[in-house]
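Here the chain labels run A, B, C, D, E and F in written order, and each chain numbers its own residues starting at 1.
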Amino acid sequence: MHIRLINPNTTASMTEKIGAAGLKVAAAGTVVSATNPDAGPVSIESHFDEAISAVGVLEEIRRGEQEGVDAYVIACFGDPGLLAARELTAAPVIGIAEAAFHLATLISTRFSVVTTLGRTCIIAEHLLQSYGFAHHCRKVRAAEIPVLDLEDDGACALGRIVDECRRARDEDGVGSIVLGCGGMADLTDEIREAVGLPIIEGVTAAVKLAESLVSLRLGTSKHGDLAFPRPKPFTGRFAYLGN
Amino acid sequence: MHIRLINPNTTASMTEKIGAAGLKVAAAGTVVSATNPDAGPVSIESHFDEAISAVGVLEEIRRGEQEGVDAYVIACFGDPGLLAARELTAAPVIGIAEAAFHLATLISTRFSVVTTLGRTCIIAEHLLQSYGFAHHCRKVRAAEIPVLDLEDDGACALGRIVDECRRARDEDGVGSIVLGCGGMADLTDEIREAVGLPIIEGVTAAVKLAESLVSLRLGTSKHGDLAFPRPKPFTGRFAYLGN
Amino acid sequence: MHIRLINPNTTASMTEKIGAAGLKVAAAGTVVSATNPDAGPVSIESHFDEAISAVGVLEEIRRGEQEGVDAYVIACFGDPGLLAARELTAAPVIGIAEAAFHLATLISTRFSVVTTLGRTCIIAEHLLQSYGFAHHCRKVRAAEIPVLDLEDDGACALGRIVDECRRARDEDGVGSIVLGCGGMADLTDEIREAVGLPIIEGVTAAVKLAESLVSLRLGTSKHGDLAFPRPKPFTGRFAYLGN
Amino acid sequence: MHIRLINPNTTASMTEKIGAAGLKVAAAGTVVSATNPDAGPVSIESHFDEAISAVGVLEEIRRGEQEGVDAYVIACFGDPGLLAARELTAAPVIGIAEAAFHLATLISTRFSVVTTLGRTCIIAEHLLQSYGFAHHCRKVRAAEIPVLDLEDDGACALGRIVDECRRARDEDGVGSIVLGCGGMADLTDEIREAVGLPIIEGVTAAVKLAESLVSLRLGTSKHGDLAFPRPKPFTGRFAYLGN
Amino acid sequence: MHIRLINPNTTASMTEKIGAAGLKVAAAGTVVSATNPDAGPVSIESHFDEAISAVGVLEEIRRGEQEGVDAYVIACFGDPGLLAARELTAAPVIGIAEAAFHLATLISTRFSVVTTLGRTCIIAEHLLQSYGFAHHCRKVRAAEIPVLDLEDDGACALGRIVDECRRARDEDGVGSIVLGCGGMADLTDEIREAVGLPIIEGVTAAVKLAESLVSLRLGTSKHGDLAFPRPKPFTGRFAYLGN
Amino acid sequence: MHIRLINPNTTASMTEKIGAAGLKVAAAGTVVSATNPDAGPVSIESHFDEAISAVGVLEEIRRGEQEGVDAYVIACFGDPGLLAARELTAAPVIGIAEAAFHLATLISTRFSVVTTLGRTCIIAEHLLQSYGFAHHCRKVRAAEIPVLDLEDDGACALGRIVDECRRARDEDGVGSIVLGCGGMADLTDEIREAVGLPIIEGVTAAVKLAESLVSLRLGTSKHGDLAFPRPKPFTGRFAYLGN
């Protein structure tokens, strides 16, 4: 089984980190490969960054389809391009935000999210509502760390994340905490130890969900609204996407 | 006041139609210009089409900002790229789906939507939920017309849309009907006459909402989650979007 | 186009203020007239005040119908008598609370409301839920100012409203603030300047929405549950309302 | 204990019927009196009828307060003036729609409503949402009977109501049916027998809830948003309501 | 009329207290008997305690059916076994949590709950959502008192409950408070006096609702999903439950 | 890794079937064992059956804890005793209904459920609402097959299930179908082939989710409302459950 982790931003060090995190939890027979688009934002911290990154995500899906990939993970906490990606393949496609939310509800009745910047909290809130988990999440919190600071200065970032997680633990009445950024994937164990609650990290969660679906021979439904897009021309520099 | 109508697909005839529809309802002092991206899908009938079209929408916003546009309308019923577009400007940005939904609730307690293809109904359903109008909409219906058939064969399309609107009128218990595609903008009057209910069309609705906000000197909030995106590098062929 | 602003309370100075606010934002060709019932409460600060004021609102609609008014605004933040008013006319009828909520969601993802007395917060909460905006509003706040203090002592009231708006800005994670009383219509600019967020005021919002609907030839649906009331006798001192 | 049944319309025969229905289920020590306003619509079949009837309801509450009434029932299925009425008294005030909804959820997991005219279904839908019972109600159905036909032609009306109740039983997957009009109070037993499901009628339900609250010494909370209205002048022919 | 109060735990002193509270509010002709299972947890403070207690509750229903009981009250605030109990009888079965919630919404627009241990708040939250009252409840609060401390040390428990109720009154913006444990039934008057808000206690509320339903000849619907269970074998030590 | 499948009913042939289904999808290193309580209903088709079966489920959890089981699956579609079971262990506990719902939302935007008897649909509806998936499920359908008919007469049952699944496919606008009974676990492949949509079966889904959580070292949170129950005496024949 080949699972492709798609880091929607173009920062290679984060792609590596994500790949390593996925590999660590993958089953014996699972091949994990991590890629990122060759064009797009170096980090994703806004709806604008997300919208542009979606193009790269979709191209990676198309590339994966040619390579016979069995399942995809979109490794950014806003799940950019998720439904569009699902249209392009009969394989499963899992976003790391949805993955983390799903697993959090299986081990606790209420959770909080700790993400990077306050301005991205609304993205998580919208996803929670759309996925149906709004009532299970007590609070979306931000440690106010720019995403790439997770690359440059892990130690300092770790402290702020742990502090925010502890506030969630002590103030929110939750049983678990969801980490709200793919760039936190390497910090999970340390955070768990420091906070003392189950910590759900999306990349690893998504890898296991992807494996699960493939094992069950369940892929994206091609009946109805996630069917392959109708063939049509695309113009200009996107002409290669049409047919 | 200059309102820019952005047709997210690249079919010029539809852009013209949308511009004409907007112009027809614009106030005396309002300049209405209609554009479309130079690259992207020729019609938008899937999440994939939407995701790619968003790039063009955002470029049109950036272009508009240089031209001093006062407000923007995203003239595709899925409101592609709406929140990202809002981040790029302090001017108002209005999607035609949201515009139509808002006005429908002001003149009726319950409405139905008649859109093009069944596979896009889910897009409207997701928007209704996100915007808060899920309880005001009885049903999202599809006339099963590909978008570009609205260009090629208006007459035939008209008949099918009218039939579906009449079913909505007779079966759904609604007071008004929302047309679910920017490409129907030129058919509104005929549909209204044939159906006998208020028919809300999004392009025209959005133009009036945009004018309203500009008149009130209300623009997209730059405080919090719709603030301008943080400056950062973009790589590869999207490098021009970074700074 | 003739838009009638109905101040549901009987305080003429507030009616004037409301008329002036409406006039200021009206389009060139729009006639704005402001009226108030000749009988009813001098201010509206309870469900009881609202219920009595609705009679006057409905009489004003009936009077407006004889005068050929094109659209109506109910200029009290509880939107008293709104659905009943819509039954009496094929013209649009807009409440200032709904108007403000609608526009707030077009320029921000989340807003708070700052109203007069704490006891009226529940009225706004009920409207938010009924209109579908409960999830878009973070908090309904009260500056604890009786409505008529807005007439007598604008300066002092302004300070308390600004203070509450600043708390909303700093604590609620919102992008805009809705003013929760028609009597604040003349303070909007000062509040906006002092708070630094978009401030949505309902009277002005409603005037623009009313103009929009009239321009689009959209009026209250007369199909179904907002059709004209069935003719029937009314008894006693309300006999003049029957037929 | 004295329970006052307020028929919000001015049709005395319906008031009598409501009083008889209430008396039939009242406890031994309970005095049941039925009144109606001396002015207002002869039946309530629209938001407009409701709004005008609320004045009479509130006057009846004020009158009841002078007479030492212990609890009030608003005997029209739209619960007109309910929250305003609660402000005027520390006694309980119960609407017959809410009463029926509450009891229906205690004996079945899902219910349907059978009301008079289709145009009033929206009133029940709004109440269901506001009270929290939207998910417990499968469908609001109308037998398309004008309210006063329940007075004139009980037999024919009965047949249509029974037919609609049977459709609810056979198609909606419900365990009980709520009758959606105070004027059906005398038909409950016949409907129950003909339909074979528990039939919840609001007048009788409300009388028992009112008795329950009085027995428990629970009255309308005077803390917060249902406190007595702030004293203030009312003008014109409503001056008698001010102080 | 015979109402059976079932205390789901096995602490006889609490059963007595519950019986006394019920008797105090029962109507003249009502026989109130209180029982508890002969096996199960001595108090209910977890989902586990609830699940085991449900067996005893259901046995008490079966026993009551043989004795010709007219209505049942499940006197634990989690309403354990409620829907199962309803399947076993055509009589009404009322949980004390639901009873308290229902009555609270009749006398106030918003309420808070004060329960025993923080870990049980989630039980109340789940019930509020399921019953439809999530929006009417501002907050579920815990006084952090183990249930049996209500037996041993009423005075001390009283102080902590009063403190928490006062916080609810002062911070939550509510008009009434629901007591979240059957073991508080004897403290209601003292709490009401100390807090100054209407205090809704579930045992007494449920008795009155049960009386109401019996008076109205309304019992659990035997049509559809609360019909008597299909006859079938049970094995092992539960064989006596089958047929 | 040892996963324990708990069949909450006492029919050994169903337990075997469930074990076989689980084994078929388990990973190489996973030990799957299937058990059922030694006392309880032979099938679960009502809230009553569920409530009694929960005792056996909880005993199986306790037994599993002594045996060092790593994760548990509750293999009945009503997820009986789920939250109570979670309190008894730090290992993950997964219900087959929740498992199926979670996976369905990962491969389709909307799904329907096909369950056994109409009277159990309400159980699925309540779970959908509680878990947050109410909006993702179009319809809960029943093939009207008693659970044990799945044992006796697989062929006939298969036909009725397939028929109902096809109706869901053709009428509900869904992308996938959830099978609503653990007893259908051996029919999944045949149903999938006959219906042509992704079919999600809960036992297999739950096994993979359990494996996922164990791999990620995520277990039931012991912080807050799912902590181990407070030690306390149980009386009578349940005394063995206390301490």
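Criterion: a residue touches a chain if its C-beta (ideal position, glycine included) is under 8 Å from a C-beta of that chain, and two chains touch if they have at least 3 such contacts.
Note that this is a predicted model, so its numbers are computed, not measured.
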Q. Of the pairs B-C, C-D or C-E, which has an interface that repeats that of A-B (more than half of the contact pairs shared)?
A. C-D
Q. Between chain pairs D-E and A-C, which one is joined by a greater number of C-beta pairs in contact?
A. D-E
Q: Could you put a whole-Å number on the gap between the CA centroids of chain D and chain F?
A: 43
Q. Between chain A and chain D, what is the gap in Å from one C-alpha centre to the other?
A. 52
Q) chain E to chain F: how many Å between their CA centres? A) 29
Q: Return the residues of chain F touching two or more other chains; collapse runs of consecutive numbers into ranges.
A: 83, 86, 109-110, 118, 121-122, 129, 134-135, 173, 224-226
Q. When you check every pair of chains, which ones turn out to touch?
A. A-B, A-C, A-E, A-F, B-C, B-D, B-F, C-D, C-E, D-E, D-F, E-F
Q: Sort out for me which residues of chain E touch chain D in the complex.
A: 25, 27-29, 83, 86, 92, 94, 98, 102-103, 105-110, 131-136, 169, 173-176, 196-198, 200, 204-205, 208-209, 211-213, 215-216, 218-221, 223-226
Q: Going by the contact rule at the top, pick out the chain A residues touching chain E in the complex.
A: 109-110, 135, 173
Q. Along chain E, where are the residues that touch chain A in the complex?
A. 118, 121-122, 129, 134
**Q.** Parts of chain E lying in touch with chain F, wherever the complex brings them together
**A.** 10, 37-43, 45-52, 54-55, 58, 81, 83-84, 86-88, 118-123, 126, 129-130, 146, 224-227, 229-230, 232-239, 241-242
